[in-house]
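One chain, chain A, links the two complexes that follow: it is found with chain B in the first and with chain C in the second.
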Partner chain A sequence: MSTILASALILHIVLGLVGLACIHFALMQLIRREPPYGFVVKASFSAVVFLLLSWASGAYYYVTYYGNAVKPRILDSAYPWAHQVIMESKEHVFLLIPFLAIAVWLSSLALRKNDNVNLKTAAAAVAAAALALGVFVAAAGIIVSGAVR
Partner chain B sequence: MDAQTLLIIMHIIGTVLGVGGATFVEIHLVRALRDGVLSPEESAIMQTTYTVLRVGFFLLILSGFGFLILARLGEHTTWFYSIKFWMKLSIVGIIAVNAMFIQLRWIPILWGSAIALVSWYAALVLGVLHGVKEPLWIPVVYVASIFVVYIMLRQLHRRFTPHH
Partner chain C sequence: MNSNDNKYLRFARAAALGSIVASVIVVILTIGGEEWKPLKDALKTAFTHHWLGKSVISIAVFGAVFLFTAWKATDVQKTVRALWYAVGTAALSAAVMTLYFILHALGLT
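Moving on, here comes the complex of A and B:
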């Protein structure tokens, strides 16, 4: 693996992780009785930025390297399901997460102007869904990486 | 200093802050509730301890993924499929979900405290436990420990917290 590809892979993981941490911060504030919406706006916006950057760096790695060099090795290994099931799920679920983060960010912008209990609950539920899907994607990444032998 | 050493230091600091923070949350809680009320000063101490705990958790996650990246780049990924590793990951997940449930008040505070305390110590023990061939007894000990710690915390609170 070249230095650029290794850097893209590291950035993909670290940026995704920081994005998840930001959505986690937003969620932990949204479930409070009186959330500091200014903080939630910043945290959810940061989540959007980091997740999109993780998308971009991940895209470079997957388009130029994974399909040619990694996927065939996994399919030939004792764990072909790591690609056929886990990676196929991961690459589709991953597409949803930034849009969920955008929904949380827009909701928190609206909540900062007019507090609304129903919108706050919905925003917290969307943030929780984004976090749960993010954790799934991270775990899926570990399973796929473990199959490269 | 190489990346591996840096990550080990970060991981140890994260564990120390997390385990220490979880322990001190309980100590502060018992001390603070001795008079039946949580004063603003006691509340501030609790918040500071929670912040230390969160920093520890963040360092632990970040350094943990650092180890995964190093292993992936070096193609030493066999341990990614080890049961002990997934147990440790599950315990980290339980710590995060438990913190959320405590904040939402979906779980009684004493149960939440017992789960947090045992999970942090379990993560520490699993980190230093090497050469375990059959790790399936670990979840049994983990769940049993939660019950034991819950009973101990209940006794502690009964003894030191006044009842009205």
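Moving on, here comes the complex of A and C:
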């Protein structure tokens, strides 16, 4: 693997995890009785940025390297399901997460101007959904990496 | 402040609606592409890789729905409903795609 590809993979993982941490920070504040919306806005906006950057770097690695070099090794290993189920699910579930993060960010901007308990609860639910799907994707990445070795 | 004066309320609802439609499109393109190879081949031809095609189309669909709905008047109730539907659609989409790939790997689809 070239240095550029290795960097793209590392960036994909690190940026994705930082994005998840940001959405987690936003969620932890949104479930408070009186959230600091300025912080929630910053955390959720950061989550959007990090997730989009993780999407871009992951796309470069996945499209230029994974299919030709990694996928055949997994399919020939004792764990072909790691690609057939885990990677296939991971790469497609990932596509849902940045849009949810954008909804959290814009909801927190709305809440800053118009605090409402129902809106706060719904925004927290969207953040929780984004976090849950993100944890699923991260765990799937660990399983796929393990299957390559 | 009247809730209709809050432009971010409209934007939040538009993002939720965009997320709902993008989720459905991702599921259709993913399962449809596996079950009907010409669809997957068309994505590969147009975007060099089927996953890139799904990425670009989902972003385009999200953007189009957002732009189409962001300027429509809304209130807190409508926005809250859209956000909850976005949660449900994303969870269901993830579950459906994962279940599909399990069944596909088992040769049941």
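Some points to look at:
The rule we apply is simple: the second predicted complex is superposed on the first by the 149 of 149 C-alpha atoms of A that agree within 3 Å, B and C clash if a C-alpha of one lies under 4 Å from a C-alpha of the other, contacts with A are read in each partner's own complex, and residues count from 1 in each chain.
The definition used in the following text is that contacts are C-beta pairs under 8 Å (C-beta built on N, C-alpha and C of every residue); 3 or more make two chains touch, one makes a residue touch a chain.
Source: prediction; values computed, not measured.
Steric overlap between chain B and chain C is absent once the structures are superposed on chain A; the two fit side by side. Look at A:F99: by the touch rule set out above, it reaches chain C but stays clear of chain B.
When the shared chain is aligned, chain C comes close enough to touch A:K113, but chain B does not.
Of the two partner chains, chain C is the only one touched by A:V85; chain B is not. Once the two complexes are laid over each other on the shared chain, residue contacts for A:V14 go to chain B alone; chain C is not touched. Chain B and chain C, viewed from the C-alpha centre of chain A in the overlaid structures, lie at an angle of 140 degrees when rounded to the nearest 10.
Residue by residue along chain A, chain B and chain C are tallied for touches, and C comes out ahead. By the touch criterion defined above, A:I143 lies against chain B but remains apart from chain C after alignment on the C-alpha atoms of chain A. With chain A used as the common frame, the shortest Cα distance separating chain B from chain C works out to 18 Å.
Common to the chain B and chain C interfaces on chain A is no residue.
The part of chain A that touches chain B in the complex is made up of residues 1, 6, 9-10, 13-14, 17, 21, 24, 27-28, 31-32, 79, 135, 138-139, 142-143, 145-149.
Across the complex, chain A is touched by residues 58, 61-62, 65, 68-69, 71-73, 75, 77-78, 80-81, 89, 93, 96, 99-100, 103-104 of chain B.
By the touch rule above, chain A contacts chain C in their complex via residues 55, 59, 62-63, 67, 80-81, 84-85, 88-89, 91-93, 95-96, 99-100, 102-103, 105-107, 109-110, 112-114, 116, 118-119, 121-123, 125-126, 128-130, 132-133, 136.
Considering their complex, residues 1, 3, 6, 8-9, 11-12, 14-16, 18-19, 22-23, 26, 30, 48-49, 51-52, 54-55, 58, 62, 76-77, 79-80, 83-84, 86-87, 90-91, 93-94, 97-98, 101-102, 104-105 of chain C touch chain A.
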